[in-house]
Each structure stands twice: as structure tokens, then as C-alpha cells.
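You will see chain A twice below: alongside chain B first, and alongside chain C after that.
Now for the complex of A and B:
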């Protein structure tokens, strides 16, 4: 099956940006390629949605990859990879706690740091630093093309008239 | 203390009040609770190192709140810890004293107005001595302990601490919620 994803090279890491439904399939593929050490799961509020970033390392040659996937605010669900790398369990709990990303299939998705009866996810941009909702916060539009799609090739700039700009 | 021995009195008699005697005992055996929260706790440990050596004033850490007299709040108190800190304070036997150590315990420090930080431990427990600094040096903590020693030595035995301990548990509530948390 063709995975809906985009690959790029960023410093010494391969960065995969993948559709959230294919996140799990890509992780299984990377696990089969020998990436055995999950360094971290970070989460980013992109303004249009939430991003999960999974950092992986292959200990044999220290190759590093990042797996990124973006989910919308109203349905922030990705598949859990806890059964592939058990070490990510608390990382996923922390991402759920502070950023509100739900991991489908996680064995014990409770809050890790904050009180269990809290309902907010205070690192989202819709809250101020005190955890109170910002009154005039609005989500941005979903980007087009989507983050996992290749951007269209840049159009050839039209020939500009001589001396039009930059004087 | 009262009169020492003079020509008229034998030299082995000391006159004084019971307040003086008990306060002497209390102020010379202040036992802090082994309770460190953050980087201020490193300075607190250094206060008991040989260089500063608070041991010579009769202060030894006790590992249970039932045997402790002084709680040194050494670090940022967040809302999840606040209930536990309050429970530790309630378990300490009277008389008991609290030292707020460092900017975080005083008013929140650099984390003030964060979603999880109690802005000052005096919203949870009554504080006797505040130490400024981030973190305070061990000498500052020692000075605070000696200030507290003088405060204890001046107190009358009949003195009762006013029970106006802050019970405003709203400071620990989730942001944006009005409801009070259930009392401990």
C-alpha cells in the first residue's frame, strides 16, 4: 500500500510527514528497518491542528528519523505505537496530558502530570499561560496542500520587465 | 533568664519563668522536616554540610512530619503538590513553623501565573519567615533559621497560633473552573 507521506532531509535526520491514518503503518515499517530506540514524542500546536513528532534512533548505526503527523483540533486521534516500542507509553501520556492528543490503542491513557480531574490541555494555543481560554482565539485554515503532500513544483517565474524591482 | 548566682544566692540556682525554659528547649532543638522540592533543596542540603553546619544549632532533619517542628518549603509549589504539602503540614504536631525559601515559594517566582503553579506557599500554609533569593545561599537559610529561633524564644507559652490558616483551596483549582476542590 502506498503510504500518504512526504520525505525530506533535515540536518542528519530523515523526516517523514505522514497522514495520521498511515502513521501506524509507517512506524511498523520503520520498526522492521531496525529503528529500535524511541528518543521522544513531542507535540506541537500548529495553529491549524496538533502535530505529533516521534523521534527514532537505530542504535546499530545511530541513524535518526522523525515521524510527523498532523491531526485536526476537533478529532486529535492517532494510533498508539506503545506495542512497538514500550518506552513511548509515558511519552504518549504526556502528549495527551499537556497537548490533548488521543492515542488510539494506548493501554493506559491517563493524565501523567496534571490532576486527573482536569479537563484542559494547557499547552494548546487556545489557552493563555495561566490555563484560561483566550477569548479571541480562532484556529487557522488547514494548509493546502496538506502537510503530507508534496508541494506543487514552483512555477517558473515570468520574465519581468527589466529594472522593475530592486532599485 | 533570671538572676545568676550572686553573693546571696548559691551559684547553682537559676531563676526564670517556665516560658523561658520551654522556649529554650524548643528554640534549641528545631527539627526540620526532610522535605525538599526543587533546586532550593540543594541549597538546603548544603546548609547542613560541614561548611555552614546547621547541626551545631541543634537542627536535625526528621523523616516524619510527626516528629518535625519546622517545614522548609524549598521550591516551586504546584497545584498537585499543594494538597500533599498541606497534608504534611497538618500532620506536624503543634507547635510548628514554616519557612518559605526562595522566590518560588514566596510568590511563584519565574513560574508565576503558570497554569500549574501556586503563587506563594502562604496561600496554603501560614509562613513565619520568608527568604528572598533564587535560590538563597545556605547562609541566608541559616539566618532565617536563626531568626526563627529568636522568634520562638520570644514567644509566650500561653500563645496560641491564630487558626486563620488559609483554607482557600481555589488556588489549587483547575484554571477556568469555579468549583472548589473537595477538602483533603
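Now for the complex of A and C:
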């Protein structure tokens, strides 16, 4: 099956931006390629949706990759990769706790840092630093082309460094 | 953080559930572990963190990059300037700021001084957990000398806010080179005493050898780093793997141990103190007495792009993921705590161990909760 994804090279890392449904398949492929050390999972509120960024290293030759995937606000679900790398267990819980991304198949997806009864996910941009909703916050439209699609080559070649994220 | 307790296993009446922490003196801060006990053996262990959570990451989104640096100091508060470096390196990468050679060397000397300071604190508190009070008093005495050296140059002791984009904030104090050389001489005289008190101590042997073994493959998959990973036989050190600052120019070794037990983690930290002394001695020779200490950084920062940078902190890989949106404030900063990654192995190490060994295992992980809870 062809994975819906885009590959680029930023600094010394290979960066894959992938469709959320293919995230798990790409991770399985990377695991088979020998990426064995999970460094971290970051989460970013992109304004149009939430982004998961998985940082991996291969111990044998110290190659680094970054896997990015964007999910919409109303259904922020990606597949968990805890069974591939048990070390991401707390990182996924942290991303769920603070950013509200739900990891399908995570063995124990509870809040990690905040209290269980907390209602909001404070790192989302719709909340201010006090944790209150911002009254005039509105989500942006999804970028076109989507983040995992290659931008059309003829126009604006200098967009390459930005990755066509449409920020 | 969660209020749940452990549910009893159906049909098991011999298990006792014990709550360790968050106010337990041997949890190095505010860690709570709910432990299921069968006699002296631990059958289940569920760690809860978050008692010190301040959400630095959200606060930092409302600060400029120069204002972010002092916040990072408050993460791993026993290793001072080490926390500032990932943010500084990531922003320097994104802006293409050149750092003068001398500034890199100064940064590296401070980095290694704080590694020694942090390992001395670890040594004292780990022995305190095992019941020995004297090493704690000795190591804090020596750490005080490091903090005095840092204070003379940076102006503050524990949270110096010393690194900045393009170099360091102030030039070295005139006494710096002599003070550091004197301190290293002093420390090298003290290290045999410490080895005698800790590594050669028969009580430490009895409490730590063969206790809490973390196999190599499990250590990698669990994402642990730093001395915990190297004690399991993996020679992964960010200073060698992805060198930064002056590390490419100095010679040092990565001490590893194949055992993976609590004693191996103790031993690796001791060897790291020796390696840090070696690095600082080389840099004291190389670093010019006068010269630039700060490169040119733009007055108005316009940072765009994403960058993950990591450094080898005293506890392991301390990373940061910076997302810039073209302004002087970070759009998103994510901190990857070194001890945060290491603390995840608590269930792996605790289950099957004796309850009293849990304290020794925990002290060998050397958690600092300012960084884990952020």
C-alpha cells in the first residue's frame, strides 16, 4: 500500500509528514528499519488541528527521523505506538493530557501531569495561560494542499524550507 | 497525576497496597508510587507524577526567547546552566547564529562543572537513602565550591541564567581559571574518599549489586538515557553522538557497564565525574584568558521553523522541540526531560524487587522533579 506522506530533510533529520491513518504503518516500517530509540513525542497546536511529532533515533548509526501527523480538533485520534517503543508510554500520556490528542490502543491513557478531573487540555491555543477559553479564538482552515501532500512544484520553490505548512 | 489507587486482584487476599510518597523523604521530591506488596516483594507499582507541574511550556509561549532561558533553569534545578543549552542551541540553529570558539569552551566548562555538582548531589542523596548521612555532608561541601565559582562569574548560584544566544551573558571572572583548577585538584584528592565511602562500601555492595537489573534491549526500547542507559551497556552519549559546543575538540570516554544493576548506575556516575574533570582540564588549557564571549545575535529575533535539539544533561538526553512562527516568541516549546524518560522504568525495575530495594533503585535513577513535572 502506498503511504500518503511527504519526506523532506531538515538540518540533520529526515522528516516524514504522514496522513494520520498511515501513521501507524509508517512507524511499523521505521521500526523494521531499525529505529529503536524513542526520544520524545511532541505535540503542536497548528491552529487548524493538532500535530503529533515523534522523534526517533537508530542506535546503530545514529540516524534521526521525525514523524509528523496532523489530526483535526473534533476527532484528534492517532494510533498508539507504545507496543513498538514502550518508552513513548508517558510521552503519549503527556500529549493526551496537555494537548488532548487521543492515542488509540494505548494501554493506560490517563492524565499524567494534571488531575484526573481537569476538563481542558491547556496547551491548546484556544486557552489562555490561566486555562480560560479565549473568547475570540477561531480555528483556521486546513491548508491546501494537506500537510502530507507534496506542494505543487511549479509555483513558489522557496516554500520548500517551510514544508508548505501554510502557517 | 491521578487519585486512583490499585484495585485488588480478584481472588488475592494476601496483597497489601502501600502508598509511597508524595511526601516520602526518599522520593527525591514529590513522587508517589502506589505499590502492591506480597510480603516484602513488590507485585505491582504505579508511579504518579505531576505534583510540581507548572506548565512551563504554556508560560514560555507568552515569553520571548531570551525570557524563556531563565524558565528552563527551574526545570532541573541541581544542574543549572545545563537546562539552558538545548533552547539556546535550537534557536541558534534556526537563526544561523555563529558562536565564537571561546564562548563554546566557556559553555562547556560550565556544563561539566554542573555535571560534577549534580553527581555530587546524587551521591549524597543516594547514600542518604541507603542510610548513610555523612557522605551527604561531604558532597554538599564540595558542591558549594562549584556554586561559588559559578556565582563569581554568572552572578547566581543555582539558577544562573548564564547562557544566551551566541555565547554567554558575561565574561569570566579573573579568578575563574585558578578557582576551577584549584577545585579540580581538591576534588581529585577527595574522590578516593568518596570511592571508599560509596563504591567500596560493603553495605552498598549488599544493597545494590544485582538489584534492579535493566537489560540492554529493554533500556533502549524504554527510552532511558544518560547514566541509566550506559549502565545497561549502551554507549550512547549525546556529547559523542551529536556533538555540540566544544565537545568535538576534547577527548573523553563514555564509561559503560554491562551489568545494568543499581551498582552499575552508581559506578557509571563516579566514572563520569572523572571524565568531567578530564574535559575541564583540557578546556582550561585551551580556552584563551581573554577574547570574545558572545557572538552577534540579532536584537530583534524572528525565528521560524522547527528544530529538535538535545544535550547530554547529568541525567540523560535533555531535549527541546522549538517551533517558531516568525516572531520573537516561541509558537511552541516542548521540553523532553531526561529524568522524565528514565522514570518510566519504575514498574520494570520495582516489580519483583523487595520494598527496601525500591528506595535504592529509585535513588540510582536520580530523578529531579522540577524537570519531570515541568
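The working rule: the second predicted complex is superposed on the first by the 154 of 167 C-alpha atoms of A that agree within 3 Å, B and C clash if a C-alpha of one lies under 4 Å from a C-alpha of the other, contacts with A are read in each partner's own complex, and residues count from 1 in each chain.
Note that in this section a contact is a pair of C-beta atoms (placed from the backbone, for glycine too) under 8 Å apart; a residue touches a chain by one contact, two chains touch by 3 or more.
Since we're looking at a predicted model, the values are computed, not measured.
Enquirer: Once both complexes are superposed via chain A, do chain B and chain C end up clashing or fitting?
Expert: In the arrangement built by aligning on chain A, the partners chain C and chain B fit side by side.
Enquirer: Scan A:55 for contacts with chain B and chain C and give back first, second, both or neither.
Expert: second
Enquirer: Quick check for you: in the superposed arrangement, does A:119 touch first (chain B), second (chain C), both or neither?
Expert: After superposing on A, A:119 lies in contact with chain B but is clear of chain C.
Enquirer: In the overlaid three-chain picture, which partner chain does A:129 touch, first (chain B) or second (chain C), both, or neither?
Expert: The answer is both, since A:129 touches chain B and chain C.
Enquirer: Does chain C touch more residues of chain A than chain B does, or is it the other way round?
Expert: Of the two chains, more chain A residues are contacted by C.
Enquirer: For A:86, decide between first (touching chain B), second (touching chain C), both and neither.
Expert: second
Enquirer: Pick out the closest CA atoms of chain B and chain C after fitting on chain A and give their distance in Å.
Expert: After superposing on chain A, chain B and chain C come no closer than 5 Å at C-alpha.
Enquirer: Pick out the shared contact residues on chain A: the ones touching chain B in one complex and chain C in the other.
Expert: Shared contact residues on chain A: 113-115, 122, 129.
Enquirer: Sort out for me which residues of chain C touch chain A in the complex.
Expert: Touching chain A from chain C are residues 1-4, 49-50, 53, 55, 57-59, 61-62, 93, 220-224, 234, 236, 241-242, 304-308, 310, 317, 319, 321, 323, 325, 331-332, 334, 336, 340-341, 343-344, 373-374.
Enquirer: Where on chain A is chain B touching in the complex?
Expert: Listed in rising order, the residues are 113-115, 117-120, 122, 127, 129-133.
Enquirer: Flag every residue of chain A that touches chain C in the complex, lowest number first.
Expert: It comes out as residues 10-13, 36-40, 42-45, 53, 55, 57, 59, 62, 64, 66, 85-91, 98, 110-116, 122-123, 129, 161-162, 167.
Enquirer: Okay, in this complex, where on chain B does chain A touch?
Expert: My answer: residues 79-80, 113-116, 174-176.
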